[in-house]
Amino acid sequence: MNALARKFAATTALVCAGGAAIADNHLLRTPGDGPYNWGVYEDFAANHDFTGQTLSILGAGTGVDKTRLENVFAYFAEATGATVTYSGSDSFEQDIVIAMQAGTLPDVAMFPQPGLARDLAARGAIVALPDSTRDWYKENFAAGDSWADLASFPGPDGATHVFGTIFGTDVKSLVWYSPEAFEENGYEVPETMEALKALTEQIAADGMTPFCLGLGAGAGTGWPATDWVEDFMLRTQPPEVYDQWVNHQIPFDDPRVVAAIEDYGWFARNDHLVDGGSKAAATIDFRDSPDGLFEFPPKCLMHKQASFIPNFFPDGVEMGVDVDFFYFPAYEGLDLGRPILGSGGLATVTQDKPVAQAFMEYLQTPFAHEIFMSQGQILTPHLKANPDAYANDTQRKLGEILTSATTFRFDGSDLMPGEIGTDAFWNAMVEYTTGNLTAEEAAAAVETRWNSIK
Amino acid sequence: MDNIAGQKSSFVWASNIATLTLVLLWIIPTLGLFVSSFRDRDQISASGWWKAPFAVELTARGRTGADTAPEGDHFSVSGNIFDDREARAAFTGDPGAVSAFGIKGAEPRAFQVGTTADLGGGETLTVNPDGSYVWVTPEDPGNRGKRIYFAAKSPPKLTLANYRTVLTSDNMSRAFMNTLTVAVPATIIPILVAAFAAYSLAWMEFKIRGLLIAGIVGLLVVPIQLALVPVLNLHNAVGIGQSFPGIWLAHTGFGMPLAVYLLRNYMAGLPRDIIECARVDGATDFQIFVKIILPLSLPALASFAIFQFLWTWNDLLVAKVFLPSADEYKVMTVKIADDLLGSRGGDWGILAAAAFVSIAVPLAVFFSLQRFLVRGLLAGSVK
Amino acid sequence: MNPVFQGLTTIVLGVSGCIAYFYTSNLVLDRVLYPARGPRITENIARANQIRPWLFIFPALFVLFVYLAYPVVGSAFRSLFNRSGADFIGLGNYVALLQSPDFRRAFLNNALWALFVPAASVAFGLLAAQLTDKLAWGNAAKSLIFMPMAISFVGASLIWKFVYAVDSDIGLVNAILLGLFGVGPVDVLQIPFWNNFFLMFILIWIQTGFAMVILSAALRGIPEETVEAAIIDGANPFQTFFRIKVPQIFPTIVVVWTTITVGSLKIFDIVYATTGGNFGTEILPSYMMSFMFRDDGRATAVALVIMIIVLPVMISNIRQAQKEIR
């Protein structure tokens, strides 16, 4: 659910950023200043010259996301002499298809979810990157194979190639909590799923509510629940099964999927475990749901949400003091490692031009990642990017989760076809959470819809 | 007679009361949101808007100071909790009296104000209504004060802050301009086009006139949904795409049947002699239209203009489809439905302010030009 | 270009363009093509007068054709093709719709809207019209009941979402439930089946004013004598209302009823802004939106279904219009 979440994140972050927004075409830092790989930047500048050329980029990031991206692009422009124009659109998904049909594709398209690129790659709209890119992923990204797979699709000839560079990632598998509240009540951060479940029951037994859950997101209502289910898929099944599920090689109503949904239901469908009860969870907005952590008495002690959620914390909440996070743990009883669920964007070349190819190279430099991550919210699995570039300690800790992952899997709903991942799955989760459908029925409803779009 | 009179007056009473109930039922929802648009977020979630004039009790937390010197076998810290930045920041106005306090977030009202709470191990805490506290502890607090949770009244406060936020940081001012940009041309252009057509359908003789009128009546009820996909594809094909010109054209098209229908009905009702006289005097149809029909039709033109303006201003569906969904193109309805309802989901103060920014213009139009609106409605549906 | 500036330019260009079109086309017709002079003056005038109506009506007909008439055909055509638009699949989309439980749910909900909203709006409107008729402050009351008409569906949805809010410190409904009955908190938008009615009430709230205005005018048009005669005959106010007044304004009631019915079939904003179609509140227009631009074949098929439901109203309106014109 990266795209939508980002979109929402952008709107609020804009408020927080206030007057601090950085003007276009200005460099964030003067070269040589700050914990960045300036050497990489200077090498790149020395080897590329596109003076007088223009590079057009279309992406989904608007508002503060747009500003962040433009700050990254400014150095490309500075280094190569090219003029970079970026347009962000909330309806990127539609716009890029229309642009393809009208023959007005930009030079570079930055997909908010790699899954959206699959269709365009098959139709020949995207230029494949060299096959060596896979090795680049392996060498430079934590869990590099997972990332390379994400960026690989069958081309028009049916052969699979790497089609883009992953740029800008979120981690989903996180639980946010108030350290002070834990301390006051004598609770420990759970290291295993068994311990998390025990703690959840303990909190309820102590007369408090363990979790805040909010599925509301306007037209996108339901997506936070899909993250839960995906996280449970990774915690109850090997990653291969997760991939089969996402690619519809096993039916959506496979018993293993139903079991993962029910694992989510263990938390969400118990009125004692979620603030306001499970019916309320369906309408509480996901941006408001973490507020419960910061009230007295707190409405809940834990909140499972992705790394972008601090954007929506009330004003004045101090990271690491008022709120902290822990890894949404794995089952001790199942030997499945430390799986991480996340999401991220994919930059692709849509016009076969040297300047666009060079731009891909630029996005693969640790330097570009450092500039991006230094502006907050965005994480990177790039192993060579300097962690000191992160905006704060919390971001850095989040980044470590990403670089220490044994298995990384992408947000499944982002990889499924739009009608499933951004509609049917969401709706089914709402109906399941509120108790209108059983896990089997909810899964079967998605399966039916998926079969109908062949 | 008395009996009948009595019955009558009780009947009048009954209808007065019934009307009042109905009117209240109709305006209270709007009133509620309106009041809330002036309330601060904490106040909204702490008490209903109908209690807006009264103080609300909020819970907050602060930390005591740590400046102390040992007094015998214990340490004593005193001060005022409202001197703590975090505690003070929780109250927008002057905070009222503290009513209770506690030392755990889970129980912020554990102890009555003014009492000395025994925290065990020789540690005690006293908090008074004015926020002053005394904390006595056997151990040296070091540089970390004691965490205190407390409840205190926050006085009622009405503010324009929500409107300021909505208009500045939420880009609602941009959306307002966009709405205006959509609505005004989309109101004026169709009127002109329709007026000529209505005149020819009302006063010019030609073969398939009846058929055309019937056709236009038929198009009155065509669901807009039907037009969305083919028309957007057409716009893409001719290069208009999703843009302001595109939505102006779309609104012109969708408003046209009602415009022609309303204006034709009105014009057909104008006295025949005036037009005949002018014709005899040698006026051309163009002159008749401009000099006689248009001025006489002003009330009908105004009626339609109000309709079309309200419709285009309030529209969500057409704007969603025919304008790009980027922020710089969002009209207010789309902004509220697709953005604020999402990003400001539970922040009712902000949502309410946004709603009233979007409602203000139509309401002003409505109350100042209600006569024309009513006339238009009557002409449009009763005939 | 700044959109506001663009808007102003459009107004100026549009208005002057329109005037220029009508003016010059008339001029060309009268001076160049068929000048009202020379040997064939009578013939020329007659010809010009035959063409002129078409000059006047052409722009309107053109937009009507492009934006309403063509789309009916275009949508019907598109609905026979698959999601990419490449393959002809006949009635495949319609068959798929009929098999989909979501479609059936949306269809039934829409039917509910089309029955309940006009009925309740007309009932409330009639009540309001009758009550305010003789009242000193009747016009002020009418104005307030009529006011929601000016509010956008999105604004209205927000207003009512606030009333329906689950938190009894925010939502009036839950405050009343808790205060008077000690029941609490209920999310009325999640009560199966009945939640539809809470959404419908938003539209009723808007449409009652419309019904009231028109019915009130109709009530005033009733000849005084008929009412007086009934009163003299000893009819009580209720009898006069239902036996004398209502039958006389019955044609107007039918018009108001059908207008609101058509409106309630097309409404999209309310469901979109309140429940987003969740909790079993989907109706056809919002159901259609979940397919738009993904599977245009399916989306246009849904639109066609709405059109088919509206068709009887359309036909009867056309008949009526033809009768009036004679």
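Going in written order, the chains are labelled A, B and C, and every chain counts its residues from 1.
One rule holds in what follows: a residue touches a chain if its C-beta (ideal position, glycine included) is under 8 Å from a C-beta of that chain, and two chains touch if they have at least 3 such contacts.
Since we're looking at a predicted model, the values are computed, not measured.
If the chains shown are joined wherever they touch, the resulting network links each chain directly to all the rest.
With A-B and B-C as the two chain pairs, more C-beta contacts join B-C. Distance from the chain A centre to the chain C centre is 42 Å, each centre being the mean of its Cα atoms. Per-chain CA centroids place chain A at a distance of 33 Å from chain B.
With centres taken as mean Cα positions, chain C sits 21 Å from chain B.
Along chain B, residues 337, 341 each make contact with two or more other chains. Multi-chain contact residues of chain C (touching two or more other chains): 272.
Chain contacts: chain A has residues 218-219 touching two or more partner chains.
Considering their complex, residues 11, 15-16, 18-20, 22-23, 26-30, 32-33, 36, 44-50, 177-178, 180-182, 184-185, 188-190, 192-194, 196-197, 199-201, 204-206, 209-210, 212-231, 233-234, 244-245, 248-250, 252-254, 256-257, 260, 284-286, 289, 310, 313-317, 321, 328-329, 333, 336-337, 341, 348, 351-352, 355, 358-359, 362-363, 365-367, 370, 373-374, 377-378, 381-383 of chain B touch chain C. Interface of chain A with chain B (complex): residues 8, 11-12, 14-15, 18, 62-63, 87-91, 95, 98, 101-102, 178, 180-181, 184-185, 207-208, 214, 216-220, 284-288, 291, 295-298, 316. Per the touch definition, chain A reaches chain C in the complex via residues 94, 218-219, 221-222, 276, 279-280, 282-283, 418-419, 423, 427, 430-431, 434, 436, 452-453. Here chain C touches chain A in the complex through residues 83, 96, 100, 166, 185, 187, 189-190, 192, 272, 276-280, 290-291, 293-295, going by the rule given at the top.
By the touch rule above, chain C contacts chain B in their complex via residues 3-4, 6-7, 10-11, 14-15, 18-19, 22-23, 26, 30, 49-50, 52-54, 56-57, 59-61, 63-64, 66-72, 74-75, 78, 124, 127-128, 131-132, 134-135, 138, 141, 143-155, 157-160, 162-163, 165, 167-170, 172, 175, 205, 208, 210, 213-214, 217-218, 237, 252, 255-256, 259, 262, 265-266, 268-269, 272-273, 285, 288, 292, 296, 299-300, 302-304, 306-307, 310, 313-315, 317-318, 320-322, 324-325.
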